[in-house]
Structure formats: C-alpha cells, structure tokens
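Same chain, two partners: chain A is paired with chain B first, then with chain C.
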Partner chain A sequence: MSSDSAAHVEVTFAKLGSNSKRLLSAGVSWGFVLPAIAVYGFVIVYPMIAGTGFAFTDWDGLSNDRSFVGLENFRRLASDPQARASISTTLVMAGSLLVAKIVIGLLLALALNTQIRTRNFLRMIFFMPVVLTPVIMSFVWRYIFSSNGALNQLLEAAGLGNWEQQWLGDPGWALFCVIFVTSWSQVGLAMVIFLAGLQKVPEELIEAAKIDGAGPVRRLWSVILPMLAPAMTVNVVIALITGLKFFDQIYVLTAGGPGYATETMSTIIYKTSFQFGEFGYGSSIALVFAIIVATIVYSATYLLKKREIEHV
Partner chain B sequence: MIHELKPTLRRRSLLKGMGAAALATPFTSRLALAEDYNLRGYVQSTWRPAFEELVPRFLEANPGSRMRLNYASTDQLHTTARVQLSSGTAADVLSVWAGSGNPMGCQVLAEAGYLADLSGEPYSQNIPDAFRPAMSFQDSVYYYAPIVSMIGLYVNNEVRDEFGIEQPKTWSEFMAVCEKVKQAGKVPVSLGTGTGFITQLIPYALVATLVYGRDPSFPDKMQSGEATFAGSDGWVEAMEKYVEMLEKGYFNDNPNGTAVEEQLQMVATGEAAMTIVVSSQNASIFRFAGHQNFTVWPLPGSDDPEETNIPANPSAGFGVNANAEDVEGAKAFLQFLASPEIDTELSRIQALPSLNQVSATDRDPIFAEMLAKIDEGKSVPYMDTRWPNVRVQQTLFSGVQELLGGQASVNDMLSRMDEAYQSS
Partner chain C sequence: MSKRYTIGSFLLEIVMIAVAAVFAFPIYILIVLAFKSEENWREAPLSVPLDPYLGNFSAGWSQAYLGDAIFSSALVVICSLLVLVAIGAPAAYFVARCKPRLGYGLYVFFLAGMILPFQLALIPLYQTMRDIQLLGSPASLVLFYAGLQMPFTIFLYAGFIRTIPRAYEEAAKIDGAGELLTFVAVVMPLLRPITGTVLILNGVFIWNDFLTPLLYLSGSDWATVPVAIFSFVDQYVTEWGTIFAALLIGVLPVLATFLVLQRSMIRGFASGVKG
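Up next is the complex of A and B:
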C-alpha cells in the first residue's frame, strides 16, 4: 500500500463514528478468528457432540443402523469389572506420573540452574526423550525389558542374576515399567518449565534470604518454591492431562496386559470401539473418562491458581 | 504407507498409439481385452512384497490402469478400514479375514452390506469345502483367500536331527519329546504370549482335536446355548495341558514378557527346539534362521493318533468394497490374483501353500504332514470364525496371560469367555 492510500484509509477511518469503528474492528477480529473456529468446530466440537450422542446408542461403528438405548451403556460400565479396574489403573498411572514429573523435574531443574559447565549439554540430554517419537521409543524400551533384553543381560553381567525379572510379563512389574517409561519421556518437559520459572526468580531475593540466615532448604521452601507457583500449575496440569490419557506407550509396551494389569481407560476405549466394534459402549466410557479428566484438571487448576494468588 | 503404481505405458501414449495399433491385429485384440481401471487398495502390509512384484503385471495386462495401494498393519487396518467403510471413503480392494470373530471378518462386513458378492467369480468355484463356510455369508462367497493358514508344531530340522526327535503322534509322545529336550538343557517350546495373538495358538491347536474334531457340531451347540466353554471338557483339558507345559518348564522363562519376534528367533536360531505358531509367521522364521530347514507337524491333542485334527483356515485375503467406484475393476484384480500363474507366485512369495492348490501333488515338504490332515478331512476352521464377536477372542488373549501368570484359573478364564460370547 502506498503512503497516499494508507493516509486515505486513515482519514476515512477517522471520519467514521465510534459505533462504526467498533463494528469494523469487531468485523476484522472475527475475520481472523472465524476460520480457526470453523476448524475447531469441525475437528473437536462436532465429534464431541456426535460422540456424546453415540454414548446413548448401540452403534457398532460400521452399520447404518443404531438404536437409542438410554443409559444402558452406563449401567453396563458400572458393572464391567475390567472397565472399573481400568479407571483405578489410570488414576494410579496419572498420580505416579505427576509425582515423578514434579519431584524429578524440579530436582533436575535446580541442579541444572547452577553454573556447572556441562549444564547446556545435560539439559539437552534430559530433554531429548520429550522429542522422541513415543511409539519408536516404546519399542526400544520393550526390547530392553524383554526376557533376554538389555536390562536382564546387564543384571546378569553385573552378577545380579537373581534380580532379573519378568519386567513386562509380571502384572506388578509391568505397571511399574509403563509408569517408568512414561515418566522418563515426560520429566524433561517438566524440567524445562521449572527452569524457565527459576530464571525468573530475582537473584536479590535469594541474596536477601541468605543475608537473613536462610539455609538452602529454607530458601528452596520459602523463597524459590513460592516463586515457582505458576510453573508448578502448568506442570501439574500437563502431567495430569498426559497421565490420564496416555495410550501409545502402553499399547506398544504391553497392549494393556498381561491380562488386564496395565489396561487404562484409553486402551479400553480403543479396544471397545475399534476392536470389539462396540462404538456406543466405547463412547459412553469416553464420555465418563472426559468428565473424570475435566473434574480432576479443573479442581487441580483451581487449587493451584489460588495458591499463586496468595504468593505472587 | 501409500504406494502408487502406474503402468509403464501411460494412457495418453496409449491413445496416440491406438490409430497405428488398429492396423496390427494381434495388438488390437489385446487392447479389446484390456481395461482401463482406476483402483485403490488398502491391504495388510504382509502382502507388500507380493503386491510390489505382481501388481505391475496386472497393470501391464491392463494398460492405462492405475492402482493406488495403501499398506497398514493389522491393527491399523482393523481400525481405519471400518471407519472408511462406514463413511463411504474405503478403497476398492480391502484386506478381509475369515468368519465373524474379527473386526474385518468377511461375515461382519457382508452382514453390514459392505462387501460385493463374489460367488460368481471363477476362483469361488474352487474353494475346498472345509474352507467355504468361513469365507461365506448366507451361502454367498465374499472374499478371495490366496493361501491356507494352519497352526502347527514347527521344528528346526537341525535341532531335530541333533536330538533324534521323531514326529510325536500322541500327546504323551509330545510331552516325552519336550522332556528329552529339556533334560538336554534346551528350551523345548518357545512361547511369546506377550504378543496377544500368540496366546490363542496352543489352545486352538489342542481344541481342534479335543473339542471340534470330536464334536463338529460344537459351534452350533455354543450358538444355541447348549454348550459353553467352561462346561466343555475338551476346552478345560486343553487349558490344563497348557498350564501343565508351563509347570513342567517346557516353555522359555517368562512367556508373558516375551514377544512373538523373540519366540520365532529362539526356534530359528536353535535356542528352542520347537514352537507352536501360525503359518503366516513362516517368512519371519525363515528370515531369522537364514534358511528354510524346518518341518511343521500337527500338534497331537490326545493319546489317540487317529483323533488328531489341525486348525486350518483360509488366510486373510481380499474383498471388494460393495460401494467402490470401480467394483468391476476390483473384481478383475482379484481374478488376476487368482489366475493359476499368479496364485502360484503369491504362494511362493508368501512361502505358504495356496488355498486353491491344497490338493496339489508338488507340495512344499515343510507342510506335507499338515496338508495330509486337510486331505483326510481332519482339519477344523479357526475357532473364532464361528464366535459372535471379537470380544471372545480378546478375552481369550487376556485370560491366557492371566492363566500363565497365575492370576486366573482355567475356570475363571473360560467363564469370562462365556460371558463375552453371551454379551452379543
């Protein structure tokens, strides 16, 4: 646009009344937002509404026939031992991932926020699992945990043959291994978020605490952690959402087995809908799952936000 | 993964050449036969080597045709092909499985109206009687299966010769072989129940004799509610024999933590003497071993050698999407695959006996004993082909893992299979 025409537009805009200006400005804003809303509606909102509708039908995901079955799918869910067991496994996994991410992520961030020379290299190493493709990474871990895999071979070579385990074959160990792999793949992200938070902590505040006689633990507890409240909120919310909806790592490592030991709501939803051809029932599990996730995440966010307001 | 194949002779150049070709009688007669198909295929990735070799020949025979192939793993295909079928975007040629116990089972898809009737096709006339029911719905044939799938006892011939193992004709003889191998410090039977589908193979091989061979009407009795898994002596005996093998140490350590690849590698490298597996795993065993020096025997289920039956089924094959844009083209493609020359090629590439040539005389010696059982009428279809839903099979997978892991009893797992069966 030439300077003349730009000036003309400015003059024309200046001549408009305040109502017209508001309308024009709103029109431009909507012009930018509408395509995104259309895509969001098509990809997210419509499937959610359709899925909610399917939850009250007996649709098999294939035929054109489906009947309204009311709350039958939800009654079935309440009496389905595998589905109920998958809810507790999901909560155990999400809780474990949350603790691992927060504790290990924070410790790593504190350690790598110092002046050690290799800090950038170490940050890269710890962050690397986050950018690896989950499916490929899980295949590698599956080989590591297999009966003749690297872990058992390493234990044998170290003279610890009696520590060898059926890592993915024993229900207890299988759940532990899945939690370990998912935590390993996510801790780097928590570390980076905490690092960003730590770099915002004013140096003079820490110096003041030191002058007041606060030791390292007191400084961490009373100065650094309160200042990290926003980073904590982000980390907790991300950890809860990812922990509750993990699928690919579990599916590759154990496919929900052995038996039903590592079956989570995500794997149950997938199997019910796509493998068993019970799309209606699968949708009802997904609906309950969505409500559980929304409740947990909303509650966590509400509590943590309150904490931020108190301390910031 | 998408792979597009085009003929070497493009449509435009073909049209340009048609005027000149009209003067040459042999060429024009070929043109009159050839068609101009535009096909899409969505098939299991195990067929990729065969298709990469054979599809160009189909396109050569039909100049101007195009075929866009999309390969996927079984799991991925089960999920996406169903969605594509219900949304009207499915390919013309699809991978299809036998019976009704699979998300892409021909009976499941035919009942929903998604498969074209192939009863009138020439290859449908040659299907052996034992296999026809699993490929049909309401007496019409709905897919073409190029090869036969069997579950048997694979023996590494080098290990067989080293230990002087002879074919066990009874369950007791089989157990004696296992004991002999175990005493020699080798794993008798490799097992990788960490992979779901492996869990079912030993039960299938045993109930072929103990249940379905003894009472061919057992599936009908299940359907009418007269019989149940937990109430079947044969099913109970089969699962008890499975546990017996585990307790006697005839499997490798930690079968639930072992994947199919490890299972096959163990028998391929001679670390294990035998394995019980489905013939679709042939290519993998041969690849791991670097040779084809194996023998496949029927697994005896009882102490009466005359009773031994084997599970044998039409393999996964190809169906035609009833709503395809080019149904005739898709049918022509299946006719091409089923032509004797190409059928033999498919069988060679997949290293498995062709379904249409089960009774042929020049058999692969590896499968001689298995094919003899089919000849004798001592084969039964895979059990899941008559199950009413996929949940039964998945319950068997989880149940076996729990059984071998000591978290469930035989009665627990069979009762759960009954619940899954009755949930339809």
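Up next is the complex of A and C:
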C-alpha cells in the first residue's frame, strides 16, 4: 500500500471522528467465532471433561447406573501388567519414531538438497507414504512380513533362507516391524520440513565456513543445524504427537500382539472400552494417557523454544 | 551444496535411488500382486506379471463394496471440508483480529484439542452420538471432523490472516460494507492460498482416518474406504490377488490426487503442519 493511500485513510479517519475509529479498532464481532466454539465444544471439550469424570466411575457403557469409585481404576491400572506394559511400549515407540524421523528425515533432506538430478522424483517417492491410507498400506506390510510373505521370499531368493523369521509372530521382531512401518510412513514428512528449512540457509554462510576450513561434519553441526532449529522444533513436536498416538498401523499389523508385545495406550484404550465394555476403566487409562502426552509435548516444546532463542 | 555435478553427486544419486527402491517396495508389491492370478502368485510371487490378470479387480470391487465406500468417503470428506472452511475461516478472522490477550486465550483453548489425545473424548462422544441417534450416519462423521480438525484449521487460517494488512478491511468498512460483507467479499478472496492448504491437509487426514469411522459406521451401509477395506480383508484372508486389487482400488483416489497435486501437497505439508 502506497503512503499516498495510507494518508488518505488517515484523513478519512479524522473526518469520521473518534466514534467510528473505536468501531474500526474493536475487531470482529463474536458471531464469527461462536459456531467454531460450539462445534469444538460439542465434539472435543465437553466429551473430554465428561471422559475425565468417567475415569472415576465403574460404568460399563450400557447400564444407567454408574457409581463413583474414587481412585479404584487408577489403583487397578497401577497393578495391571498389560496396561503398564502398554505405557512403556508407547514410550519406546514414540522415542524410536522420534529418532528415526529426525535422523533419517535429516539425512534424506541433506541428500536431496544437492545437485543430484533425480531429486524431485526422489522427494516424491520418500514423501508418498505420508499421504497413503495407513490402514491400506499396513495390510500390504502385514503381507510382506507374513510367514510366506514377500520379505521371507526375498531372503530365500537371496540365499539367506536361515534369516527367515516369523516377523510378526515374535514379540521383539513384531515391535521392530511396527516401529519400522510407522517410521516408513512418517520420515517423508520430516524430510520436507527439513528441506524447507534448508532452503533458508544462505549459501554464503556455508561457503564462508568452507573457506574457514570447516569440514562437512563441522559445517553440518555448527552452521546448518543451528539454522534448522525452527524446523527441528516442528519435527520433534509432530513426531511426539503422532508417535504417542499411533493406532491404525498397530491395529492392522499385530492388533497389539503377540501377547501384548505391541500393545500401546491407544490400542488398549480401544480394547478396554469397546471390546470389553469397561468404559470407566478405559476412561481412566485415557486420562493417564492424556496427562503423559500433554507433559511430554509441553516440556519438549518449552525446551526447544528455549534452545531456539539461545541460538539466535 | 556445490553447484557442480561431481563424481560424488553421481555416487550419492546411486545410493539415494537404492534407498528409494526400498521405500517404494510396498507400493511395488501392492501393484504387482493386484495383477497376479492365484497360480501366478504361487509360482512367482515377486516378479512383474507378464500377462496381467484383471479378474481380481472386479472381485475386489464388488466383494469389498468399494463403490459404496468411495462414495461414502467422498461425501464425508467434501461435507467436512465445507463445514471446516465455512466455520473455521471466520473464527480464525476473529482470533487474528481480536485483542492480543483474548487471542492468546483462544489459542490455548483450541491448542488443547490438538495436543491431548482424542481417546479421552472418544467414549463420551460415542455415547452422545448414540443418544442423538447419529451412529451409522455419515452426518456423525461430518460433525466429528468439523470439531476435531477445527483447531488445526483455525491455526492455519489465523497465521495467514495475521500477515494480511488490516488496511483492506478498513477501506471496505469506510466504504460502508458491514462486517459480514467485508469478510466474504474482501478477506475471503485473500485467503485463497491458505484455503488450498487447509483443504489438502484436512482432506488427506479425513479420507485416511480409521478409528472413528470404524466405531461409528462399521456394519452400516456407509462404511468409508478404510473401514470397508478392513472388514473385507478380515473375511478373505487367503485370496491375496483379490485382497491386493481391493487395496489398490482403495488407495487409488489418494495416490492419483497425490501424483497430480504433488508439488502443492508437499508444499502444504512442509509449511502447514506446524502444530
């Protein structure tokens, strides 16, 4: 906007007088935001408050009578081996996904931020799993990992028959497979966010570091990574939020099994509530889950933001 | 970072193509198996089928009720997106233009819904939907996604609106336009770029979502694609050709959209998913 028209606006303001000036700066009327608050309140806020209340009852989801049982559900949770295992599995999965996304996502972004000719095509390939329906691709992976599936066929064809495994039947391998598939579906997202960050790193800065004698590792560590701090924050937060909440991939690949080796809080809440009808107990696990997620995501955001500011 | 294509670039290129081949392996398997007959699968499960067998597709299409499912998914996605834009954009306009302290309060209010796991609301909302008899109807999902994705939609819009100078709106007001007219005729057209991002990110999420449609719609005539695929595969665990044809048809709408819009989709995800 030119200063001319800005001046014109000023003059008009003066003419309109102080009354309309207040009107103009008063913002927008509440009617604009109320429908959104109503829908969000109905779908998220009210049910979350109600869910918190259910956590202290023994409700089965069907009958009308439910009684307040205090902390009974939480006591049960503390001594329920399956629920306790699901908490640590959730943390292991989210942690592994975080590391995989940051390390592999960054490596892919650095590799594609070069002169290689296929970079646009490769970016598309690496990103594609992010948008493909998780349920569908998890069925493909379930076939690949099945006992007479593609992975074992490949190993046999390569003469590595003795490496064949019951990939989803062994507790350790099943957890690995679930982490692998979720990472496969998510590293492309970290990659494109890092790529967008890398494009903002000025070429001269890297050239200057090179002239000063910094090798590739030093340049990455001391020049590029600090410049990527905002992209890093975004990636860590997204990785934690998605990593803690995975459901589709686990439900299709292993349904929490074998035993409860790949059971996470998401799957156990679903099973407890909708397969076993224990809405009260399910709600209490969900409440603990919500507290864990909020604490982790809040602390991570706080620490990363602090770090970002220190670097700038 | 160097501008020249060196021998190092060539080696990197080879390595990256190999990594990409591993990444694309499930997509290769998905396509190849959909075109294999049972016999061909038994003989050579990994090879490219030289005489592609098409019978899987009609079987998968009808046995998984994919026509109905794609219609149902499309209906839910389109209606949800319409509601999200119609309600989310004006709400974001309010958030971006109100006093900073109120804006921050609303930000925290909506942020909670993005961070906290939805599982906490899952059971009571299921109960409410049952009470108002919306279970089994696609309307339940439209309502659900309008609420679930509202915070994210408002964040995208509000971030963008803050970069638009107020002078446009003020000029319109001086010309005598009311709030609503100003928003519809002046602000909304300026929001076109971010509306694209809003549609892409929410559209992909809603199309792919599984748990809530499973709870609300399974067993009804309105199963969405992920739910229809899930119930189909659970029944026909051994006919791989038919299953893979169904999986391929199920993923095709997303895959085709991605191949056509990949540049803007990648840009949208890279800029938009900022939580």
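Keep in mind that, in the parts below, the second predicted complex is superposed on the first by the 284 of 312 C-alpha atoms of A that agree within 3 Å, B and C clash if a C-alpha of one lies under 4 Å from a C-alpha of the other, contacts with A are read in each partner's own complex, and residues count from 1 in each chain.
Basically, a contact is a pair of C-beta atoms (placed from the backbone, for glycine too) under 8 Å apart; a residue touches a chain by one contact, two chains touch by 3 or more.
Please read all numbers here as calculations on a predicted model, not as lab measurements.
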Clash or fit, chain B versus chain C on superposed chain A:
clash
Under the stated touch criterion, which partner chain does A:G259 make contact with: chain B (first), chain C (second), both, or neither?
first
Chain A residues touched - chain C or chain B, whichever exceeds
C
Under the stated touch criterion, which partner chain does A:V140 make contact with: chain B (first), chain C (second), both, or neither?
second
State whether A:I269 touches chain B only (first), chain C only (second), both chains, or neither.
second
Quick one: classify A:A109 as touching chain B (first), chain C (second), both or neither.
neither
First, second, both or neither for A:L189, with chain B first and chain C second
second
Touch check for A:V69: first (chain B), second (chain C), both, or neither?
neither
Quick check on my understanding: which residues of chain A belong to both its chain B contact set and its chain C contact set?
61, 274
How about chain C: which of its residues touch chain A in the complex?
1-6, 9, 12-13, 15-17, 19-20, 23-27, 29-30, 33, 45-46, 83, 87-88, 90-91, 93-95, 97-99, 106, 110, 112-125, 127-128, 143-144, 146-148, 150-151, 154, 165, 167, 170-171, 173-174, 179, 183, 204, 207-208, 210-211, 215, 225-226, 229-230, 233, 240, 243-244, 247, 250-251, 254-255, 258, 262, 265-266, 269-271, 273-275
Residue ranges of chain A touching chain C (in the complex, touch as defined)
1, 5-6, 9, 12, 16, 23-24, 27-30, 32-33, 35-37, 39-40, 42-48, 50-52, 54, 61, 108, 111-118, 122-137, 139-141, 143-144, 150, 153-154, 157, 184, 189, 192-193, 195-196, 203, 206, 234, 237-238, 241, 244-245, 247-248, 251-252, 265-266, 269-270, 273-274, 279, 282-283, 286-287, 289-290, 293-294, 297-298
Looking at the complex, which residues from chain A come into contact with chain B?
60-64, 142, 145-148, 166-171, 254-260, 271, 274-278
Seen from chain B, its contact residues with chain A in the complex are 78-79, 82-83, 85-86, 103, 108-109, 111-114, 193-194, 196, 252-259, 262, 389-391, 394, 397-399, 401-402, 404-405, 407-408
